[in-house]
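Below are two complexes that have chain A in common, paired first with chain B and then with chain C.
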Partner chain A sequence: MNKESVVHKRKKAVKYLLIHLALIAAAAACVYPLLRILSVSIRPGDKLISTDLSLIPDGATFAAYARLLKETLFLRWLWNSLLITVSTSFIGVSLASTAAYAFSRFRFAGKRSGLVLLLSTQMIPAGMLILPLFLMIMKLGLMNTYLGIIIAYSVSSLPFSIWILKGYYDTIPRSLEEAALVDGTSQLGAFYRIILPLSTPALSIAFLFNFTTAWNEYLVARVVLFSSQQYTWTLGLFELQGQYITQWGMFAAGSMLVTAPVLAVFLYSSKWLISGLTLGSVKG
Partner chain B sequence: MAEVKFSNITKKFNENVVLNGLNAEIRDHEFVVIIGPSGCGKTTLLRMLAGLEEITGGEIRIDGVLVNNMHPSKRQIAMVFQDYALYPHMTVEENMSFALRLRKAPKAEIEQRVSEAASILQLTKLLKRMPKQLSGGQRQRVAIGRAIVRKPKAFLFDEPLSNLDAKLREEMRVEIAKLYQRLDATIIYVTHDQVEAMTLASRIMVMNHGVIQQVGAPIEVYRKPANLFVAGFIGSPTMNFIHGRLAAEGGKLYLKNESLSLLIPSFLLSGTAEHDGREVVAGVRPDDVLAGSAAHEPNKKYSEKLEGVLEVSELLGHRENLYLKVGQTRVLATVEAFFNQSPGSGVALRFNYENMHIFDKASTKRIND
Partner chain C sequence: MDILYSIYEILWFALIVVTGIALIEGCCYYHFRFHDRPWFIPAALAVLPASGAAGCLALGLVAEPVKPFLWLLGSEALIALFFKYVVKGRNTLPYLLLAPAFIGLALLLVYPFVFEIYLSFHDLKLTTIMAWKNTGSLPFVGLRQYADVFTTSPLSEVTFWALLGRTLWWTFINVFFHVAGGFALALLLNNNIRFKGFYRTLLIIPWAMPQVVAVLAMRGEFHSQYGFINIMLVKLAAAWPFLAHLGLGPAQWLSNYPLTTCTLINVWLGIPFMMVVILGGLQSISSSYYDAADIDGASYFQKLRFITLPLIRPVLMPAVTLGTVWTFNNINVIYLVTGQSGGTERADILVSALYKAAFTYNRYSYSAAFAIVIFAMLFFISVFYLKSFDAAKEDR
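Right after this comes the complex of A and B.
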């Protein structure tokens, strides 16, 4: 082995080492807070304010979980969140998928400006939308209802979903729909039978975006929902913060429990996130 | 099977007129190849027939039925796309049976038709595969299979071989010719490849700038091109064009330019005085140029001997292309290999009058018989 190749190999090894160190540091920064929450959630009630940094504390217990489920409406809040989030995701993706198809395939007046308008709504800070949303939902008589919050969530994530899906549809060759038309489908039939099945990666991304946004949302929920029976988990957990005392154990236990659905959706949809499904359909 | 009639077809994309008052008829069981350069409107015409493009003006009839506003699937035609357009999420079998399943045809019939088409196209073993697992040629066969299964009145092919490599293209060309003999169908085939047109068509329709230039049997289009465009477009290598002015001298007609003076015999172009001073273009295919020692012998069928200079020669195998210059006029001669002359050497040449074409320069139309 000559000297040059030894130097080259060493350089390569150092580069890998540095890259991996940076990645490990980033991963640790992400995982550490989660581990701390886990640690707090299983601490015995008298050690909540302890400065002990051990991951599994002495006398670890699931008492906070049990109390959360028994003494609060946590399960109800979780159910509310799930109902609202799943409905929002389905409604949002359904509306976005058809709207994006129109933007991708048809020529109509206002197409370009419509797209720009949709994009520009994404520049407005969420806080600024609270008042108009509040007024609209109130005028619709949907305050403190699931429907009210579902409408608010669905429409606010529509622009992003439309852009994502439009971009994806644009990559699907038109000849596929044309072949379907000649084979006997309607335009809508071609969309359902050909375009939608081919768009699962983009649909998954749009669904995930809708799901996580709605699942973690707090501000709009705070304005629209006001009875604890209707609360989503974000509002519910906030209830645990009292004026004099905050139930940190239950708070942490709740935080751990609410990550489960999002994690499950992520893991499930990851298999759909494989792109390149259209490979082989056309030339190349 | 079907007859197709285009009457006064106009197509505009915004202000851009692609087709302007086009008329054409395709007879039952005919294999018509529409050929022309890119942008000539041939694919647009095919897509209008398929119902994939709106018709700005005029009428399209299939078997006498007006189809202008008919949904593509109701026209009973099948189309094979340039990029195959196979449904990527369906197996070969599902791709081929898609139209029949949509029609809710009985299962037994679907199976029977798919297996019949698969055996014709040697796809039986590939029925369970996905399109991405197939080679280019196999994908094209599936696309054709998908069309056959439907038993349409007419097959439309939109440059089906243009994405295949040369060898595969040759194979598929033969496959399509065999298929035509077997199905005895009406086929309308769009291409810019003249070899496909010459070998496959019962009639060729040559188009340029949205206008049909000539319609006829391949050999007719090759032997008697109607105008300069057809003469230059059909045939490979391209026809030689000799620009000049006709001059009547001593009861004889000559084609003259700064480099040569070529006698135009009366059996090639009748009349003398009436052509005097007319600007024309004479066309001779490279195969009809005699060069070298063969040109030394006088022959009534050929022109007088001209002296040229060899610029470059290209050996093609059994033939050789000689790029010659007669004065300022460039002439390509295709002769038997091996010519064995080095560039710069003088080469005698003669043109075959029997296959010479005279075109009017202004109208570009052929003026000899």
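Right after this comes the complex of A and C.
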């Protein structure tokens, strides 16, 4: 081995070391706040407020979790969120899947303007529609009900879902449906028996997108739901964190309980989620 | 029993949705089928509005069936004419497939938008809201709300122009750091290193966490006494006294530097998305370009400038556009950090001021006008932006 390649190798090792160091620093910055919540959630009650930075505190205990479940309506909030979110995503995905099929497979008067309309709805800032939706819900007498909040959520991710699903349907060869049509099924039958099963990945992306949007929503829920019986978990946590500094441990415990499943699902599905997000842009 | 009741409520809702969709589909289907029969339009005009108005009355949605009757009559006439002269019975299926989604969008996106325009020319506030709820009538005030937007403060002291400037600054700084940070991390990750997947997983955690939890947790870290930031600053200043002389020390982040705090939190939140998008772009670049450049003796920065940047442009531009719109419209971070009672308005941007004007100050019509102004601005910016984007595309 000559001298030059040794120098080269050393240089490369140093480069990789630096890359690893930089990535470790960045990763620490990303993970640390989460670890801090975890550590606060297992602190004993008398040491909640402290300048202690150690991740596993002395006398670690799950008391905050027990208190959270016993003394607050946390389970009820989770249940509310789950019910609202699942209904919303179900409506959103079923409406989007049929609409996207029409856009992907048919030529009809108004197709182009329909697609443009869909994109242009994305330009309306979401924050802008909260007020008229709030007033509509109030006028319909649906304040503080699941119905009101589901109505407000149900179409918010619809344009995006239609767009994703259309992109995916476009990649499925038409010959599959044509074969089914020759075999004597109807167009709707071909959609239901062939396209839908084949597009399970895209459907789950759309469902996941609808789900996370509604699950993490805070601003609409804030104005529509006002009794703590009806709160979603976002409202509940905000209240726990807002009111008294003594609730800090319960807030942390609640955060951990909510974050853990979401994080697991997200990390597990992130590969598909990302390919779904970039699907449209790469093609366009 | 509460749980049973909530399931009951959801089932009730599902029934409404299914009935609604069935009605829509049935209505469309009959229009397709019979659009050219001479008896169809008179029959539809006689039956549909009357039964619709009767239905509204029976469900207790309205006290007076005349108004829904006239509305339904008008829209039914329009729909019948549309089917007779535009659709003419062709392409039944796509319209049937699209109808529920588009009617949903019309009712819950387009109608609220139009309603907001209506509100902005009237006067709905805390003192008139009960009258509006009972009678549905509102005093007309013309352009006064729009004049108020530009002359009075949306909150208690900050002006519209200050908010506008702050919003542009906030958007620029955030998007700049999102792209810069995301790009740097993506370049680091794009090397052939060990534990790549592991790093990537850890790095997208801020994006994956529920935003409410992430923001509230970070807000806690900025607490003046018990937050991580100040604890570290105190420790640093104690370890190296010269830093303390330079003015480094604990600060009242939430009350003295609210906008900086919000920006730091939002930068932290936004980098992972950009990183993931850019990394996807980087990985799709074929290595043969770099091999060719190596043979030509190109330096690292030359490769970055002449290969990487042009080739990730198609991925980067939509992401930056999306990121800009998201940042411009980001109420969440600012409201969660400063929105509680006694919160400051020194960090508010246009949209968060809009939310507070509507729901903290209850100035409904005022904030409707405010929303229309913001929408108009965004609209012109994006039209202008899309035009320049198209022009750049044609140049290539």
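Quick note on the criterion: the second predicted complex is superposed on the first by the 226 of 284 C-alpha atoms of A that agree within 3 Å, B and C clash if a C-alpha of one lies under 4 Å from a C-alpha of the other, contacts with A are read in each partner's own complex, and residues count from 1 in each chain.
Definition applied: contacts are C-beta pairs under 8 Å (C-beta built on N, C-alpha and C of every residue); 3 or more make two chains touch, one makes a residue touch a chain.
Keep in mind that this is a model prediction, so the values were computed, not measured.
*Asks:* Using the touch criterion from the header, give the chain among chain B and chain C with more contacted residues in chain A.
*Replies:* The partner that reaches more residues of chain A in the superposed model: C.
*Asks:* Please indicate which partner A:L263 is in contact with in the superposed arrangement: first for chain B, second for chain C, both, or neither.
*Replies:* Second partner only.
*Asks:* By the touch definition at the top of the document, which applies to A:S175: first (chain B), second (chain C), both, or neither?
*Replies:* The first partner, chain B, only.
*Asks:* Scan A:G184 for contacts with chain B and chain C and give back first, second, both or neither.
*Replies:* A:G184: touches chain B, not chain C.
*Asks:* Starting from the residues of chain A touching chain B, keep only those that also touch chain C in the other complex, and list them.
*Replies:* On chain A, the overlap between the chain B and chain C contacts is residues 277-278, 281-282.
*Asks:* Taking the touch rule as given, give the residues of chain B at its contact with chain A in the complex, in rising order.
*Replies:* Residues of chain B touching chain A: 50-52, 71-73, 77-79, 81-89, 98-99, 102-103, 130-134, 136, 139, 146, 150, 163.
*Asks:* In the complex of these two chains, what residues of chain A are touching chain B?
*Replies:* Interface residues on chain A, with respect to chain B: 173, 175-176, 178-186, 189, 194, 197-198, 277-283.
*Asks:* Which bits of chain C are touching chain A when the two form their complex?
*Replies:* Those in contact with chain A are residues 2-3, 6-7, 9-10, 12-14, 17, 61, 86-87, 90-91, 93-95, 97-98, 100-102, 104-105, 108-113, 115-116, 119, 124, 133, 185, 188-189, 191, 193, 195, 199, 201-206, 208-214, 216-221, 225-226, 228, 231, 268, 272, 276-277, 280, 284, 314-315, 318-319, 325, 328-329, 331-332, 335-336, 340, 351, 354-355, 358-359, 364, 367-368, 371, 374-375, 378-379, 382.
*Asks:* Which residues of chain A touch chain C in their complex?
*Replies:* The contact residues of chain A facing chain C are 16, 19-20, 22-23, 26-27, 29-34, 36-37, 49-51, 53, 76, 79-80, 83, 87, 91, 95-96, 98-99, 101-103, 105-109, 111, 114, 118, 121, 123-136, 138-140, 145-147, 150-152, 154-155, 158-159, 162, 187-188, 215-216, 218-219, 222-223, 229, 234, 237-238, 241-242, 248, 251-252, 255, 258-259, 262-263, 266-267, 270, 274-275, 277-278, 281-282, 284.
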